[in-house]
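Okay, so chain A shows up in both of these, paired with chain B first and chain C after.
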Partner chain A sequence: MYYWILFLTSALLTIGSSVLMLWTKNLIHSCIFLLGSLIGIAGLYLSLGADFVAVTQIMVYVGGIVILMLFAMMLTGGKDFVSKRQKILDLIPLMGNKKSLIWASLVAFVFLLSQALLLMKIFSSVKVLDEVSAYSPSVEKIGELLITSHELAFELSSVLLLGALVGAAIIARPKKGRGN
Partner chain B sequence: MAPLSAYLSISAFLFVTGLAIMIYRKNIIAILLGIELILNSAALNFVAYSKYVTGDLDGHIFSLFIIVVAAAEAAVGLAIVIRFFQLKETIHIDEAIELRN
Partner chain C sequence: MENTIGGFFLKFDFIKNAIASGSSAIGFDLTMLFYIMMFLVGAVAITALLATVGGLGTYAERKISADIQARIGPNRVGPFGILQFLADGIKMMTKEDIMPSGADKFLFYLAPFLCIFGVFSTFAVIPFSEGLQLTNLDIGIFYLIAIASLVGVGIFLGGYASNSKWSLLGGMRGAAQIISYEIPVTISIMSIVLLSGTLSFTEVINMQSGFPHNWFIFHNPFTFIGFFVLFIAGLAETNRAPFDLPEAESELVSGYHTEYTGIRFGLFALAEYIEIFVVSGVSVSLFLGGYNLPGHFLHGTLGAQPLQFAIFMGKTFFLYYVVIWIRWTFPRLRADHLMTICWKYLTPIAIFNLIGCAFWMVLFNGKSFYDLLMH
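Presenting the complex of A and B:
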């Protein structure tokens, strides 16, 4: 019962927020809807029994990335926030004539069909567990896994974060004294 | 519990929405928002398969690493956006044409 309430509200929040994010014209509203969608995904993680991932999702995304995006929007001025609505036909890039468009859509259709057949074969070979494991706290096991079998990736991600920190600071710094 | 296909459908829907945002919007920050949605749909798939198919916690670890990489990518991407705004006074994607031709 609680599971279904959690699952349905999270799924509705996720899907509705992502549709509204595409629909709205204002960039800041779009960012706020991204917030709703991320919280909904955290609820879906909770319904799957992934408590640590859900809390990390809320801490990193809601507390970090969305705030960072809002800061970047504020710093880059207000005149580009409201985008003009375009016609969908203007989005097709200018590539040749009608014949090339028809050929391209044909090739894309055949490609997607073959991919879908391949994926169907893979999906039908996946065996879903008969008995889904019961909910249990996962923090301790994740901590053990992170420092035993996944330690190399753990350390590499710390190096990646350090590199991203230094790189972001260097890129965003205005260059002085070079005639720029 | 809801079947595995429910989670996979939500994830596929999120992926398509993120891709549509990346194509439809002409603002660089909006494109970054679409990328965040796509990364989240991949992480959701990992956790769902970990619950329904393998039964261990490796999928959780993978989605934690996806969150880490997304944070790094957002930091560097927003730094590039701010630098681009300092140079161009706009963040419209059609202004980035130096490498064309």
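Presenting the complex of A and C:
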């Protein structure tokens, strides 16, 4: 019962703010609706009993990604980013012209069809936590798995992050001999 | 459900029996209802308590600053002016709600609520006493760090939506400062997580005790430095002096809330004063023994709750006093000095502490400094 309420509110929040994110014309508003959608996804994780993943979702996306996006928009002039409307499709705010829309819908159709076939089995077996088992903390299990059977992936991702950090430092480093 | 506030009360036999007899009389299991009711009552009580603490915080700030500057301070409303915050609150609620022309209406309304939401959400896990903790999450510390980052979004949007250069500059500074100082805060907290091996507030507190030699601040030299790193970085995260660049009065009027009036301004101010309480409370829980009474006196009984609550509040208010004291003693930093302190000093020191704690755990088998001296 409790998990169903959580699931329904999170799903509504996710879908509703995703639609609003696409509908709004202001880029900053769009970013805020994205925030709502990401929080909704954290709620969905929670309704599946993955508490650690849910909090990580909030930590990474709300605390990091959304603020960085807002920063990027602010530094590049957020107010001027109002999406341009096409003449024929005046009622629907979409980026692109007729040709790109036809191609995109074709690709989306094929993609959705293949995804639906793939995900059919998974969706039919997913259950909300009430029906699976009682809530149990997942931090210890994740920690154990990360340093035993998934050690390689863990180390590789840390090397990737280190590479990104070094790359950023190289780009931001003042160049020699080119003025002060 | 067992680890919410109701779970603590269900440990006692007389409450359990009362619920069992009630359930059999009605013919309907009341346990779930009890959990939900206790959670709601606890949530309302803590919210009301913290709103009062935030209000009294403004009074304390004015009175202490007056003391430091050899003035009298508020002394008209109530005895010693203690009801001043109520007068301020009523004034704020009756003021006109002004919307600057060209402001982004939706975000302008949303920003103060994001701030308040981020601050009050942290109280779901802060332990006031053994029983008075809304939920004992297994990932409580992690949750607190994550949810508190919403405040940064609120400040940033407040600055953006006002359509004013002062607000924009304040908002930009605030967001940059908050995401930078999150790093030393998180790494210092991680050293405590390393020592205790848990992310739950209750377990971290249970590993300490009422006497200072068992507090984590005196566990080893690295945690001693770590406490000060956490406290300084926490000051910066709450935008308090000497790190109050986002609302620097002399340059930015009042930063991100320049254009806010009435109750919306009040919400921003309330969020700031309650956030100081959060930072002090987290420092107390992680480093200064939390609510523990000396020698686990009356541990696990109902009678101990008021005492534990008093101990926790006493320590937290002491740190609260230190925060105000610092504000009226030190001048404000320059923006580049602020970033230098964070990235060139606090972050390396915090990482050094983390590695030091890891080595201490390996070399001395996790024993504290005091244990090594005595045995």
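Keep in mind that, in the parts below, the second predicted complex is superposed on the first by the 118 of 180 C-alpha atoms of A that agree within 3 Å, B and C clash if a C-alpha of one lies under 4 Å from a C-alpha of the other, contacts with A are read in each partner's own complex, and residues count from 1 in each chain.
What we mean here is this: a contact is a pair of C-beta atoms (placed from the backbone, for glycine too) under 8 Å apart; a residue touches a chain by one contact, two chains touch by 3 or more.
Just so it is clear, the structure is predicted and the values come from calculations on it, not from any experiment.
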Open item on the list: One more residue to check, A:L119. First (chain B), second (chain C), both or neither?
Closed with: neither
- [ ] Could you look at A:I15 and tell me whether it touches chain B, chain C, both or neither (first, second, both, neither)?
- [x] first
TODO: Look at the residues of chain A and decide whether chain B or chain C touches more of them.
DONE: B
Open item on the list: Output check: A:G64 vs chain B and chain C. Expected answer is one of first, second, both, neither. What do you get?
Closed with: both
Open item on the list: With both complexes overlaid on chain A, does A:A108 touch chain B (first), chain C (second), both or neither?
Closed with: neither
TODO: Answer with first, second, both or neither: which of chain B and chain C does A:I5 touch in the superposed model?
DONE: neither
TODO: Once the structures are superposed on A, label A:H29 by its partner contacts, choosing first (chain B), second (chain C), both or neither.
DONE: second
Open item on the list: With both complexes overlaid on chain A, does A:V55 touch chain B (first), chain C (second), both or neither?
Closed with: second
Open item on the list: Applying the document's definition of touch, where does A:V166 land relative to chain B and chain C: first, second, both, or neither?
Closed with: neither
- [ ] Share the list of chain A residues that count as touching for chain B in one structure and for chain C in the other.
- [x] 52, 56, 64, 71
TODO: In the complex, go through chain A and note every residue touching chain B.
DONE: 3-4, 7, 11, 14-15, 18-19, 21-22, 27, 30-31, 34, 37-38, 41, 44-45, 47-50, 52-53, 56-57, 60-61, 64-65, 68-69, 71-73, 75-77, 80, 83, 86, 91, 126-129, 132-133, 138, 141-142, 145-146, 150, 153, 157, 160-161, 163-165, 167-169, 171-172, 174
TODO: Quick one: which bits of chain A touch chain C in the complex? Just the residue numbers, please.
DONE: 26, 28-29, 32, 35, 51-52, 55-56, 58-59, 62-64, 66-67, 70-71, 74, 78, 137, 139
Task: chain A-touching residues of chain C, taken from the complex the two chains share - done: 104, 106-107, 110, 137-139, 142-143, 145-147, 149-150, 152-153, 156-157, 160, 168, 172, 175-176, 179, 182, 199
Open item on the list: For the complex, give me every residue of chain B touching chain A.
Closed with: 1-2, 4, 6-7, 10, 13-14, 17-18, 20-21, 23-27, 29-30, 32-33, 36-37, 40, 43-44, 47-48, 50-53, 55, 57-58, 60-61, 63-65, 67-76, 78-83, 85-86, 89-92
